[in-house]
Amino acid sequence: MPRKPTLTIGLIGHRFMGKAHSNAWLQVSHFFDLPADLRLKTICGRNRAAVKMAAQRFGWETAETDWLKVVADPAIDIIDICTPNDSHCEIAVAAAKAGKAILCEKPLAIDVPEAERMVNAVRRARVRNMVCHNYRRIPAIALAKQMIDGGEIGDRIFHFRSRYAQDWIVDPNFPLVWRLQSNAAGSGALGDIFSHIADLARYLVGDFREVQATMETFIKQRPLAGRDRRARRSGKVTVDDAVTMVGRFHNGALASLEATRFAPGRKNSLTFEINGSSGSLCFDLEELNRLRFYSLRDKKGRQGFREILVTEPSHPFMKNWWPPGHLIGYEHSFIHTVADFVIAVVTKAKAEPTFEDGLVNQKVLAAVAASAKLNQRVRL
Amino acid sequence: MPRKPTLTIGLIGHRFMGKAHSNAWLQVSHFFDLPADLRLKTICGRNRAAVKMAAQRFGWETAETDWLKVVADPAIDIIDICTPNDSHCEIAVAAAKAGKAILCEKPLAIDVPEAERMVNAVRRARVRNMVCHNYRRIPAIALAKQMIDGGEIGDRIFHFRSRYAQDWIVDPNFPLVWRLQSNAAGSGALGDIFSHIADLARYLVGDFREVQATMETFIKQRPLAGRDRRARRSGKVTVDDAVTMVGRFHNGALASLEATRFAPGRKNSLTFEINGSSGSLCFDLEELNRLRFYSLRDKKGRQGFREILVTEPSHPFMKNWWPPGHLIGYEHSFIHTVADFVIAVVTKAKAEPTFEDGLVNQKVLAAVAASAKLNQRVRL
Amino acid sequence: MPRKPTLTIGLIGHRFMGKAHSNAWLQVSHFFDLPADLRLKTICGRNRAAVKMAAQRFGWETAETDWLKVVADPAIDIIDICTPNDSHCEIAVAAAKAGKAILCEKPLAIDVPEAERMVNAVRRARVRNMVCHNYRRIPAIALAKQMIDGGEIGDRIFHFRSRYAQDWIVDPNFPLVWRLQSNAAGSGALGDIFSHIADLARYLVGDFREVQATMETFIKQRPLAGRDRRARRSGKVTVDDAVTMVGRFHNGALASLEATRFAPGRKNSLTFEINGSSGSLCFDLEELNRLRFYSLRDKKGRQGFREILVTEPSHPFMKNWWPPGHLIGYEHSFIHTVADFVIAVVTKAKAEPTFEDGLVNQKVLAAVAASAKLNQRVRL
Amino acid sequence: MPRKPTLTIGLIGHRFMGKAHSNAWLQVSHFFDLPADLRLKTICGRNRAAVKMAAQRFGWETAETDWLKVVADPAIDIIDICTPNDSHCEIAVAAAKAGKAILCEKPLAIDVPEAERMVNAVRRARVRNMVCHNYRRIPAIALAKQMIDGGEIGDRIFHFRSRYAQDWIVDPNFPLVWRLQSNAAGSGALGDIFSHIADLARYLVGDFREVQATMETFIKQRPLAGRDRRARRSGKVTVDDAVTMVGRFHNGALASLEATRFAPGRKNSLTFEINGSSGSLCFDLEELNRLRFYSLRDKKGRQGFREILVTEPSHPFMKNWWPPGHLIGYEHSFIHTVADFVIAVVTKAKAEPTFEDGLVNQKVLAAVAASAKLNQRVRL
């Protein structure tokens, strides 16, 4: 048996996503039989103390504060980008030029032109590339995809309806953090959470043909954060709080999507329902080990929404974990994502969603924003 | 104690809604202490045998086939209109001229001009008038209204999201019944079920300011019904199968509404969620005795969606039924509706939703249809 | 076509159960095609004013205060007994002697000897007899029975587990009403609600072989009701507050039953789960239009508890009501019960559960009480 | 700041529990700020190849096949016992003698005398000791404990009702594995899963006073496993398939417990409901991030079971993981367990549940088995 190759990882970003990705890179080898050994070499962040602590905690060999050095490191095979959105493009383009395989957090970029530059860069450099839309690899969602592809809800889809709802900024005294400022964040609920359900829509149903959207900023002024807070000064919120959209897919299905940070009680509630000609599927991220399935092919009088506990060895990713009935959590979606990315890198296969998918996602976001501004339908 | 007055009822229509209304007129006196005795005098329908059977079954004194005679009957105080939509206007205008109080099934009319004629007729005649949007009087929905009015979800509403989904025409071999032909039905899902959630939106949140909608007819040809069926001929479906809409209310809340007959597994699923500045409310018609309530005012760490079983004596309408925990069903919403209408007639109070509400509802439907056609926002 | 016979009803009792039965006798003809016309002749109760009001409200021709006269009335065909438990026996025996068909509220009697006298009386008189265990005729429960009989959960049952939980006497200041005194009520949770789940156990699984039980009275002294209350005197609670039981059925299945009035939040929560060799069924009275079904015969990886909305025309009793997805309530179980009783009376068929079933139920209650007292297993 | 001490771990057992514990020892330092550094030194198992692979996968320095060497290793501070039940006692006694802190999988031993020897051994040696009843440290269950201790469901508990249900041996062709043979496993559902809910009962409510139980082996003969299988020979099942129990706690509450491997559709379903004088709590392991709470102190008419999503930073253990609304899984309960054990070892505090708790648990199991055999109540 030939020895496995080793893939060396450099992770840029060390906060929420950096933690989720660090854990994924560490854990994946404990539960998955990968075609490569992984070496966690460098984690990079601007705050030296914080990044050192993250390195120590998750076992990265080096802590770095200059991402250019990480990209330039010839030992590194994979660059994983977990920084705020406005730096994705620059880092990814550099990493591509340096011949690295790239995993990039979503949304791919701050706008369509940036995303296009990134796509061009990875194409030219012929490097593996993937956007970390981790929810595609929640087992219940991967199972939904299998079932749709296998015709289990019929040969035609009528409706895709999804909502991603949170409630963390309902309080008008919640401060004006960078995520609420467009220069830093690009957009609000749109890029942060709507982008997830737009990706799932494409993954499960197909490409959008047209959209009509309404966007809203419910709280237009907020107290400044940090030191300015004590001065009781406030500033303008320059991103959207909520996005609602209806539209059509190319295959004729109707779409209804909504993202909001103003739904009290909905902490991280990503739900969807898909209605096809032979059945329906429903999912709720707050019950992520379940998939609800209704089949018109069940015997009459015995039909009903069936709650599949997606913990069987036959379900996507699950044979690597625990016996049936033992739940997995949020972080596992990242582990599955890096597992598939490693396989793609080793086997030189496409790692979906690719940067091209990320670009299309960005175009959907742009169309939604345009429609909301123009008050009319925008075609894609 | 003065003797109660007697109100005499004439019911026009004897099928699905005729059955629901007959039951309501019969049952209401068994469970509610009304300020009037009710006399069920005439039920009217075009099929003599069927209407006779209905009369006998529900204890109507007379079966009639000519609605003009019912309207002309001086003994009758209340005309209850349960006919197909295209005859509502003519009957209601005649009934108003005859000085009758009028309860009319929804949608009020086939279009806005008809609805305006009806409003003018009842205004001129100064007769009590009500549209039978029976879902307003499901106890859980009436409780939601009380809670919103009492500020229990805050002083501001951010989102109203509702779907009315059914699945009875998913099969492409389902025949081209009259409900799928625009000349008879006016519209499809729009008038039949979207009108219900548009009414609830207004009841619970307020008036719409603007809408953007997409409508679709998924199955465009269907086998003809009846005799033509055997000839295997088919005809064109001329109404919508599904409506999706986003929009705004005058108070700044966002709306997201959807009505469809193409959701396998959803038999009569009217759901809504309302998010306010202090909490949220959720409802599902397939669990109609429940209201889900999340309150940001609950103690931190103990917050959660709470399932109120709306069967307490303090809940709207419930003290008339059974002890706590004993469920009521669909038909009870009609009983509550006629109870309130009788009270309004006796006390000469407004019976909401009035024909004016029905007219506004009709305008919303028209705006939705216009937006779907024009592919742009339509203001109300 | 021969004219239908007319069956004349005399109802004894006019409170909670009297209201439920009055409604049932009235409503059944509106929705079911019975083989007899029904005449609601007499309602009987000790409080003249109250029984008169009940008669008027539900359309009984006569209000009576002496049940002997009702039983003696030659015009009456059916005696329906809704009085407190301690008078069931005397009335039923007299009614049987008078040749009446008898519907009797559960539990059949106050103890086994009484129940035996009742069984003997109806046997000797050869009159139709039925105990009103109305929950057997909730459509979802009747469907469960059909499915079990049809082998849909396999040829063998392993477990029957049921709980009937309420919370109306959790407050220690709730007064010592007659239901909490053994001379009037016989027993507490045992006869009142445990008897229901014991009946369902026999209906769905079969006869008990042995039981082991624990019973408890949590609050042993309570304030006296009524006038005595103001004197702040208290009295002894002489019935059980809760019953828990494990045991075996003759067919080898295990039983686990519990009845309690001390479960905050459980208003009228009768739940059961049955596990068979090929599947499971679950029911909850607070969601009475649903039956949950898990089938090991479903395709691997697609198995899950399926929520059957029991509102299809093919489901028991449902074709008489509304279209699929339209819920029915608690009171409908009584309507279905009297419908079946009327059919049994006309066709001279057995009306299950018969008084013999009621007697067996009483024996189960006695065995449970004995086991709790003796602290050992009691065989049946 | 003084340097943290290092604790060195030796893990004995490498299959299902070995995997869960390996992961816990690895992960705990990534997410918890422990008062010690952990060194994963030795993993031990009888199958050399398998244990080597486990060592490599989870980063244990050494793979060992002789547990005596692990216990004798002076470098090792903590012995973690994950072997089958029949070797717990011998290993633990040796480890105690060697002065090691001991974490032992449940049930503590094969019977009461063994458990007593283990308790004596750790007492004499004064070593930290803990039984791995990992479910105590599921955040929702730890929260339930906090709420009960804080009086949130009142000053008195009426009922504890729990079921642990699985379905993995419903198929009569499932082979006679060692878990179904009493010499190897001690008991069936009793020791394997009933022991978990007996522990939770004690944790949440208190000590048992008396029990009455029924046990059953539904499938009494099964095909032999492995080579014998091909010979189509079968053997006798010598353990219980299911246990049902009722009983009382010392504080007067009633208990109702059930464990079964014969509940189709229940994969790993541990549920409980606790009813107190002011409210109720419900939990389901298949939705382990949730706790349902009903409070009689909520405003009248607004009461309802509230679903607390136990993912807030204020909830036990959760501030170490992800933002609110992000779920954790089964394996996290082990991470929390070793975190608390490490703290107890460093601070020399009691690590509950201790071996004494394990002994009491064993006595409960013995009482249940005795009651089932004697068909009578057994006091504890």
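We call the chains A, B, C and D, going by the order they appear; numbering starts again at 1 in every chain.
The working rule: contacts are C-beta pairs under 8 Å (C-beta built on N, C-alpha and C of every residue); 3 or more make two chains touch, one makes a residue touch a chain.
Fair warning: this is a prediction, and the values are worked out from it, not measured in the lab.
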Field: Residue-number overlap at the chain C/chain D interface, same or different (half cut)
entry: same
Task: Select the chain at the greatest separation from chain C, using centres from the mean of Cα atoms.
output: A
Field: Contact-richer chain pair (by C-beta pairs counted) among A-D and B-D
entry: A-D
Message: Suppose each chain is reduced to the average of its Cα coordinates; what separation in Å results between chain B and chain D?
response: 54
Message: Based only on mean CA positions, could you tell me how far chain C sits from chain D in angstrom?
response: 41
Field: Chain centre separation (chain A, chain D; CA means) in Å
entry: 35
- prompt: Which residues belonging to chain B are in contact with no fewer than two other chains?
  reply: 266, 303-305, 309
Query: Considering the complex alone, what residue numbers of chain D touch chain C?
result: 153, 156, 158-159, 161, 163, 165, 167, 170, 210, 212-214, 216, 218, 242, 244-248, 252, 254-256, 258, 260, 262-266, 273, 275-280, 294-296, 303-305, 375-377
- prompt: Once bound in the complex, which stretches of chain C touch chain B?
  reply: 16, 20, 22-23, 26-27, 29-30, 57-58, 166, 168, 266-269, 285-289, 309, 311, 321-332
Contact set on chain C toward chain A in their complex: 143, 152, 292-293, 298, 300-309, 312, 314-315
